[in-house]
Structure formats: structure tokens, C-alpha cells
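In order of appearance the chains are A, B, C and D, and numbering begins at 1 in each one.
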Amino acid sequence: MFNMYDFLNNVVIPAIVYSNIYALASIGLTMTYITTKIPSFAHGDLAAVGAYATFYFLYFLFGGIKPGSVYLAMPIAALAGAAVAYLSYIGVFKPMIRRGASVTVLMIASFGLHFLIFGILAILDSIAQTVYGWSTRNYSFSTGEVQIPGLTQSEVTAITSSVVLLLILAALYYLLNRTKFGVVMRASIDNAPLARALGIDVERVYAISWLIIGAVTGIAGIYMGMIFPVTEELGWLRLPLIFVAVIVGGLSSIYGGVIGGYIVGWSMVLGFNYILNPLNLPPEYQLAIPFAIVIATLLLAPQGIAGLIAARRRT
Amino acid sequence: MPLLKISELNAGYGKFHVLNGISLEVERGEIAVLLGPNGAGKSTLLNAIAGLATIYSGSIVVDGKDITRSSPSEIQKIGVGYVMQSPNNFGTPNIFPELTVRENLVAASVGVPQDAAEKALEEALGLFPKLKELQNRKAKFLSGGERQMLAISMGLMKRPKLLMLDEPTAGLAPKVASDVFSAIRSIRDMGITILLVEQNARKALEIGDRAFVMVTGRLRYSGPAKELDEEKLGRLIMGQ
Amino acid sequence: MIRDVLAKTVALVIALVVVGALAFASPLPKDVRVLLQNIEVYIAIYGIYVISLNLEVGYLGLPQFGKVMFLLIGAIAVGGIATKLVLLIYQNAIFKAMGAYPLAKISDYCMYYQYSVTSLVNQMLAQNPALGLGYFLFGVALAMVLSAGLGVLFAYPAIRLREDYLGILLLVSGEFLRVVTYYATPVACGVNGAVIPDPFAWALGETRTLVYFIATSAFLIATFLVFDAIGNSPFGRALRAIRDSETAAAVFGKDIVKFRIRVLAFASAFAGLAGALLAYYFDYTILGTYLPIYTFIGWTMLILGGLGNNVGAIVGVVVYYIVQTLLDIYKNSLQAVLHADPTYLAYAIFGLAIILVLMYRPQGIVPEKPVKTIDLNKVRERIQRKIK
Amino acid sequence: MLEIKGIVKQFGAFRALDGVDMTIERGKVTLLIGPNGSGKTTLINVVTGVYKPEAGRVYFHDDGKTLDITGWPPHKVFAQGIVRTFQIPQIFQKLTVMENLLAVARGQAGEGVLNAMREGRWAKQEEELAERAFEILDLVGLGDVWDRYAYSLSAGQMKLLELARALMAGAKLIILDEPIAGIPIAQAHAIFQTIRDVNAKGVTFWVVEHRIDIAFKYVDYVYAMASGRVISQGAPDAVAKDPKVIESYIGG
């Protein structure tokens, strides 16, 4: 018998939360890719930076995490993510791109960066625990979610994360399509040699896009922290799935990445409820479903969702 | 004082030497045409002026300012507009295909104060009424002639003193090409000096005041356009 | 065999003998020797792993971001398949002692009595060194065959695609295989981890380490010899040509897909060998631990040592373990200063090192050398004499 | 040696090649000129199998036999001994000059992964190849830099390396796409002199080049194309004076 209440609680709510998290993380990775052509292995770490910034800020302010307080910290998470992303671009990627580094070399540099950020976060985490007694390891942000009477925490998170995702998408849409900077940024992505010839400082445009990438991913880190334990591995462990979302989305459009995130989130939850559970397969297999999807995507439509949409438009 | 003065310029791309000791002057308010066979280095000369090629020695002075070592954006600020060939030597078109006509013009007005940019935009759309109708269409859906008109308008957005055009009529039907030529004349009448690279030498010499002929990276002729007849041009190009 | 390759191999043998002597038969304090012994085995195993990675990355320019998959396959071959074979061989004896057939209900075996069964099996294997050796070689060979096959299979969807797609696909495939095998208890006891019978159960204590040291060193030497020989051959030259310009290589008749498949199969086989050795040496394996991080540790070693040079690959492994060991030795004092586990410091240091090497010394510690097939100087002289 | 008959190549509504007839004589150096967009590179691409023509045939005469190679894939065209170079040199940057040559030799026994380990199977062949490679390098004037890395060469030397590599690959007909683009004049003359030297050894050349003032001095026969058609052909002097050719460059 179909039970609406179970369906909402076991399928819709978790699917929305997962999807929003992967969508938020995919926005940044897609932007990294379309601006500077780097499938960055350090992308997940930007989310971890956002999560840790939230922690330290809230512990510094309140000595702990109070209901609703993560939203107070959201600007800090965005700022921290933006700062680290900006430094990565200016300090590592920009000089390497200027020297003509190949995609593979940039990918290796990005995992060097992953090691670096990951190591620093872990050390800071230990210091926070041993010196200041802040128990940040394996903590969850769920207690920092706002409380709405009559709704469970998951339901609230499903709503808030959707609102945040929509707000970010609206802001990005406005920025890209309604501001001069947005036009310049799209121009730099579309035809960089011409942009340079027209006197656009393409590197500066990319640097600003990295600020945006870091800010959005830092915010994604807060929501990751609501359902996964916060450690320095918070983002890194999600990275393969973020890659899946981005590839399925087509690596060429932010909105494609969001759709990819939704495909990852829903396929995992639906697969868990309607394939794994009835067949008595271990729940961890839900990770394998998006992996299977990406392998199928590469076999059948390497250009992903965005490619399919573009192809339809052409015909 | 000439608007553009190039002295003993040697330039190319990295290891690839293209220009050998080019010296030339373009006066204010004239249309100078640059002719020569493919591979003579015409586009490279324009790229060098725009700051997009490697300069080994020599100097480029625009409006009394030495721009030999300046960046592309500095050169634009001094007043050099550049409409590249399409596709250019980076393999890209001279417009932004994914942007609308209007957005293309906005992108080309980077660094111009808001009100001046809006004025320039209206002016550009006034120069080519066709573009005004199409201003919200993505550039990739424009015809060849419309694309060239858009590219020329983009070159005008910063109100340059010198506008360089690289083969603006390549691949266009004769009727469309002559529209482009008359547009070039009206741009000159706005007081903008023009340096034009053209395949269609006959047409170019008709509208040009001064002509240069380049062959294999060297300047072979420099003088009034009227004095360059076709026979002479033919001999220059054929290397005899 | 090319003289240059032979000379390098001999140098490697001498180096291994010297450190072996230091570790097993020197007046050094016991704890120092034990430390050395362990590091040596790891260096030998990771040496194989990184040399095979070098053929893919350094020679062919293939973005092998799924390398850990083959350590995993090695572990499956040993802990999942070869182990079961031994259990099958001894099943009657086990039944007599424990009252159950281990393979009859695998989940019970994994959860309740795999330790006691394995210690029983080890006692029997200690009496039968020949069977132990056969079981060891079977596991190794199986790991190599499985790795070669699966390596090609998993790369196939993207083998014609751009480097970034291929790299990500390999990474994701590794994760796919890890998740699927880890949570399938019958493969290698899932979350419990599989206890692996010791093929050299007859050797005890330091002797066991010595046996492993000799075995892994022998494999390292063989691997080095094979990879350096094919690197310094027309084959190795063709790979580098493809790496430098796929367009030109294709124009001159090189079938790029075919070369990619050959290299993937060959290199994966040896990475699988490394995985099998690791599993045997550790005599225990949890498939869930084969995380992408080990791919990147391999890359770190290779980048530091020098891409495109097999000596560099080994140097990179050695440097990595020296830093790691120093951090281990000063662990406590570092911990006091840092207020954190020095392992994390290692991550940060290696991350920074990769970035700095890529930016300021992309050739690594030992730069790539031209392919040496025959003595070209001699040919040159001969021709010049002929002209005169 | 190469006979091109009535080739038509259409891209959408655009007719890039409009019935081209051309003959490349064995043992000669033939030059192809024409303004941008006249269809020169398209024609090369049709001959070397990159594009399939809508109409027309390409015949290759060799060893007394005639092969219809129309529409053959690139590697099969290559196998017949027709090698082309690219406008932008596609050399193997991190290989030495010598390795660049050895890497492209045909039929190497040591290119299989298993044979690679058995030196005995390929060492002798390698010696022979090296000898031939040195001869070719001496011929094109790169003998002194044989052990340098290719990336350290000058632009002119890179063009020579491309030529040497084509010879190493056993080419009977070498198609050069702009062999002296971007090369200083003295070196450009040296390259054409080398082309003549190699030609004297029996290799046929078909050269596309814009810098006609230099090229005309070194070639036997010239074809001029405009708008996808051959508009003139003959000895260099005659073509240079042909009003139709001058017109094509002036008229646009």
C-alpha cells in the first residue's frame, strides 16, 4: 500500500536534501571547469573550508551551535570559501595556466592543493580540540538549523536548502545576464582571445569567478555538515559524486550541473528505496547507482545533459 | 604628427618570426589600406599594434605615445580599436557567438564610463539599423554580413582614434561587401582614422587614401593609394 | 639487454642488498632495524606500483586517476579468491577441528571464526611450504590477470575521449568497484575485513619479514628491469611520441587506442601485483580502505621523483618514505608543538611539495632522459667515417 | 604520379572545390598557390583522406600500377607513401631530433609490448633505421643537432625536422603545407634549397606556399587556384605573368 507519509519522509525529503547539496557543490565545479578548464580535485575541500569556518565562527561567538545560528555564519562560510578559492587561482592555477600547463598537470596541481588544504584543516581541527576544547570533530550542523514548530529537522533542511539553492541560482542568473560584469564574464568564457583583444582582463574575470565558486561551495559545506559528520574529509568524500553530477550535467552549463546534482540525489534515494531495499542489498550500494549513471553517460552521451539540450536546439 | 608611426618593427609569435623591419606612418583622418598576399604578415602587424604579438625590436607610437610594450587594454585606452579577422589566428570568431548583439556591444565597452558606453551603443546601433532590429538575438544566429557589422560596431565602442579592420568583407556577397565599404567610409567621416587589411584590393584602393603593400614580412610599397595601379600591385605581389 | 638498463638494474640490486644487510644483519639497534625492515618492504611494493604508474603517466601521458583500483583488485585476488581456494583445500581439516565448512556460510565465517580458521590454516601451511608458495604465486598471477582485464574494461568507455573525461572515469570506476566489493560480504568479508593465510607461515618473526623483503625486492627488480627495458625500446619511444603529439603520431600511423589499451593492461597487471604483495604482507585486507587517496600518494611519489624516469619513480617512493618515517620518529615531539597528528602535517607538506615541484621543477628530482635503444654515438661515428 | 580529376567538395551550400584537375609529375616540385579560401588546404585534405569528395577521383601512379585512392582513410593513404606536413609543426617536443625520426619509421618490430623486451628482435633493425635517419638528417642539414631536444630547435629547424620526418616515414610523395610560413628569409631559402636537394634524390614534392616570391625560384611547375578552381598553370614565370592570377589576388 502506498503510504504518502512514508513516501514523503523516506523519499522526497532526503532526495531533496541530497540533491540540493550536490547541486550546490556542482555549481562551483562547473564554473571552475568552464572558466579555467580544471576538473579540480580540491573542490570538495572548499566545502570543508566553509564548514570549518562556520564552526570556528559559532564557537568563537557562542561557544557552541544554537538553533538557527548556521545562517548567521553563512556569510562567513561564503567568505572563507571565496578566500581559499581565490588564493588557489591566483597562487597556483593562474601561473601554471600562463606557462601552458596541460589539463592533466592542472589536475595534479589541484590534488596537491587538496592535500594542502586537507592537511591544514585537520591540523586546525586538532588544535581547536586540544587547545581550545572545541569538540568540532564529527560534529553535525543539524542542531544549527532553524526550528519550525510542527516540522522535523530534515523537512526544515529540505526547505531551507531549496530556498538557498534558488536564491543562489537567481543571484547567479542576475549577475550573469543582467550586469555588465556578467556579460564580460560570459564573453571571456565564450571567446577568450577576442575578449583579450577587446581589452578585457580575462584573468581578473576568472579570479572573480573563483571568488564566486568558493562562496557558493562554502555554503554547500554548511548543508553537507547537516547530514554528514564534519571532518576535514567532508568535501573530499563527496567529490566523486560531485564529479558524477557535473559530468552528467555536461560540464558546460551551471544549470546542467544543478540538474546533474538532482539526478545524483534522486537516483541514490530512489535506488535505495525501490531497488536495494526490496532486493535486500546493502544500503551502501546506493553510491554505486550514480557511478553506473556516469559510466552510461560517457558511453552514450559524453556531452551530458547540456549537450543533449544543445543538440535538441540545433535540430 | 602622424597618428600611427611604426619604426623598424620586428615581430612574430614566440619563435615564429613574421615581420621584418616594418616602418610606416598613418596620418590622422585617412583610410590606409594594407595589401599583400596571404602569409605576408598583415594580420600579424595588426596584432602587434594591438599588443597581441611578440615584438622583438622596433617601436610603435600612437598619438605620440609609445605603445610598444603596452598591454592590449592599455593600447585600447590610448585609442586603438581592433576588429579581428574571423576566424582569427587563435581559431575563434570576431564576435561572441553565445551573447546577444547588445551584450556583444556591452562586452566591447569594458572600461568605458556608463553614460559614454550607452551613447556609443546607441550610435553603433544607429550606424547599422539592421543590428538595432536584431539586438536581442544571439550573435551565432546572425548572417555573415551582420556578424561583420557587429564586429565593426564592437570596435567602435571605445571611440577609438584608430580603428584597425582585418578583412571585414571576407566571404561576403558583393552587395553586402559594398555595404561594409560604405560603412567604413562613414566611420572615417566621423573623424576616425582607419587601417584596413583587405583581400579585395581593387575596392580597397577605391576608398583608401594611402596604401601599403606587404610581401613576406616586409613592406614593399608605401604611398598614396591613387599611385598604386593594379599592374604595379600585381608585380609587387608576384615578387618581380 | 641494453647495457644502460642492466647497469641501473645492477645498481638497484646492490642498493637493495646493502639496505637489506643494514636492516637484517647489522649491529644497529633492534627498533631501528625493525623500522628499516618494514620501510623496505613498503618501498619495494610501492616501487612496483609507481613504476607501473610511470609507464601510463610519464611515458604515455594517460591520466590514470584510478590507480588504487588495481591495489584493490590485488587485494580481492588474494583476500577474496586465493584465500578461499586454500580454505577449500583444507576444508575437511577445518571441519574436523571447528565443526563447520568455512565456505558453506560465508557471512558466519567472516563474522565469527575467520581468525581461528586462519590460524589453523597457517599451522598447516607451515608444514607445507610448497603449497604455501603455490598459493602465493597463484594469488600474484591472478591479481595480474584480473587487473589487466578489468583495467581495460573500466577504461574502455572513455578510452577515445579527452584526457579529463578519461581521468575522471578511471577515478569514478575505482570508487565504483570499491563500494561494490566492500559491501558484498562474500567477496572479501566486507566490513569485517578478510584475514589472509600466510603463504610463508613456516617463517616466524624476523625471518618472515626477511622472506617478504626478498620476495618483494625480487619483484621490484624484475619490474624495474621489464619496465626500463620496454621504456628504452621502440615501444617506449612510440609512447612518448604519442604523449607529445597525438595528432602527429596518428598521422604517422600509430594506433593510439591500441597503445592506450596495451599500456593500461600491462601497467595495471603490475599494479595488481603490488596490490597482491601488500595484501599478503599485511595478511589482512579491508576493501573499503582502498580510497582514491592511494592513487594520489602514488602520483605524489612519481611527481616528486620525476615523470618519465623509472629511477625517478623509485627515488620518489624512497623520498616519500623518508619524510614519512622522519615524521613518525618525531611524532611525539611534533605532536606537542603542533597539537595535531603529524600525519596531517605530512599531507600539507606533500601537497605543497607537489605544487612547488610542478611550478618550479616540473621534471622532478630525476629528470626524464632520452630513450636509449642502441648506441647512437657509435652509429654516428661510423657514418661520419664512411663519409670521409 | 598523382592525378586529380574533377574533384568537387561541398560544405553545405558552399562549394569549396569546384571540379579541380591537377597532375603532380613524378620527380618534380609542384607549387600550389591561391588566395585565402581558394581551396588549397581543402584539396590536400581530400587527397590525404581527411575529407571525402562529392565527385571526382584521385589516382596514385606508383610501381607501374595505378591506384584509385579516392576517399581512402588517412592511414591507408600514408601507407602508400604519401605523407603530408602541417602548417603548425606537430613535432614530438620532448623527444630528441633523432628520436623524432626513429619514432615514425614504418614496421618497427620493437613496437609491440612483448617484443620491446626482446632486444634481439629489433636491435638490428634499429641500427639500420638509425643509419638512415642520420643520412636524412645530414641531407636536410640537421646532422649537427641530432641529439638535441626538439623543443630547443628554432622555428626553421622545426620545419626541416618535419621534412626529415616525412622522409623517414618512407614518403614517395611529400605534401608540404606552408613549409616557410613564419621563417626568416635566409632560412626560408635554405628550406627550399633542401627541398630541391631531397627532390634530387627522387622524392616528389607538392608544396602549398603563400610566399611566392621565394617559392617561385625553386619549383618546376605551378598551379594557381581561386574560388575552388584551377585558374592557371605552367612554368613559374608564365604563371607569375598570367593576368588571371594577378586578378585573383587583387580582385578578391
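The working rule: contacts are C-beta pairs under 8 Å (C-beta built on N, C-alpha and C of every residue); 3 or more make two chains touch, one makes a residue touch a chain.
This one's a predicted model, so the numbers in the text were calculated from it and none came from an experiment.
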Quick check on the contact network: minimum steps from chain B to chain C? 2
Taking CA centroids for every chain, report which one is farthest away from chain C. B
State, to the nearest whole Å, the distance from the C-alpha centre of chain A to the C-alpha centre of chain D. 51
Rounded to the nearest Å, the gap between Cα centres of chain A and chain B is 44
Chain A to chain C: how many Å between their CA centres? 33
Where chain D touches two or more other chains simultaneously, the residues are none
Would you pick out the residues of chain C that each touch at least 2 other chains? none
Chain contact graph, described as a line, ring, star, complete graph or other shape: ring
Interchain contacts (touch definition) - all pairs: A-B, A-C, B-D, C-D
Within the complex, chain C is touched by chain A residues 37, 39, 41, 92, 95-96, 101-105, 107-109, 111-120, 122-127, 130-131, 232, 240, 243-244, 247, 282, 284-285, 287-288, 291-292, 294-295, 298-299, 302
Touching residues on chain B, where the partner in the complex is chain A: 50, 52, 72-73, 75-77, 82, 84, 88, 90, 92-99, 103-104, 106-108, 110-111, 154, 158
Over in the complex, which chain B residues touch chain D? Could you list them? 12-13, 15-18, 20, 37-40, 169-171, 198-203, 215-217, 230, 233-234, 237-240
Interface with chain A, chain C side, in the complex: residues 57, 61, 63, 65, 157-158, 161-165, 167-169, 171-173, 175-176, 179-180, 182-184, 190, 292, 296, 299-300, 303, 338-341, 344-355, 358-359, 362
As the complex stands, chain A meets chain B at residues 180, 183-184, 186-187, 190-201
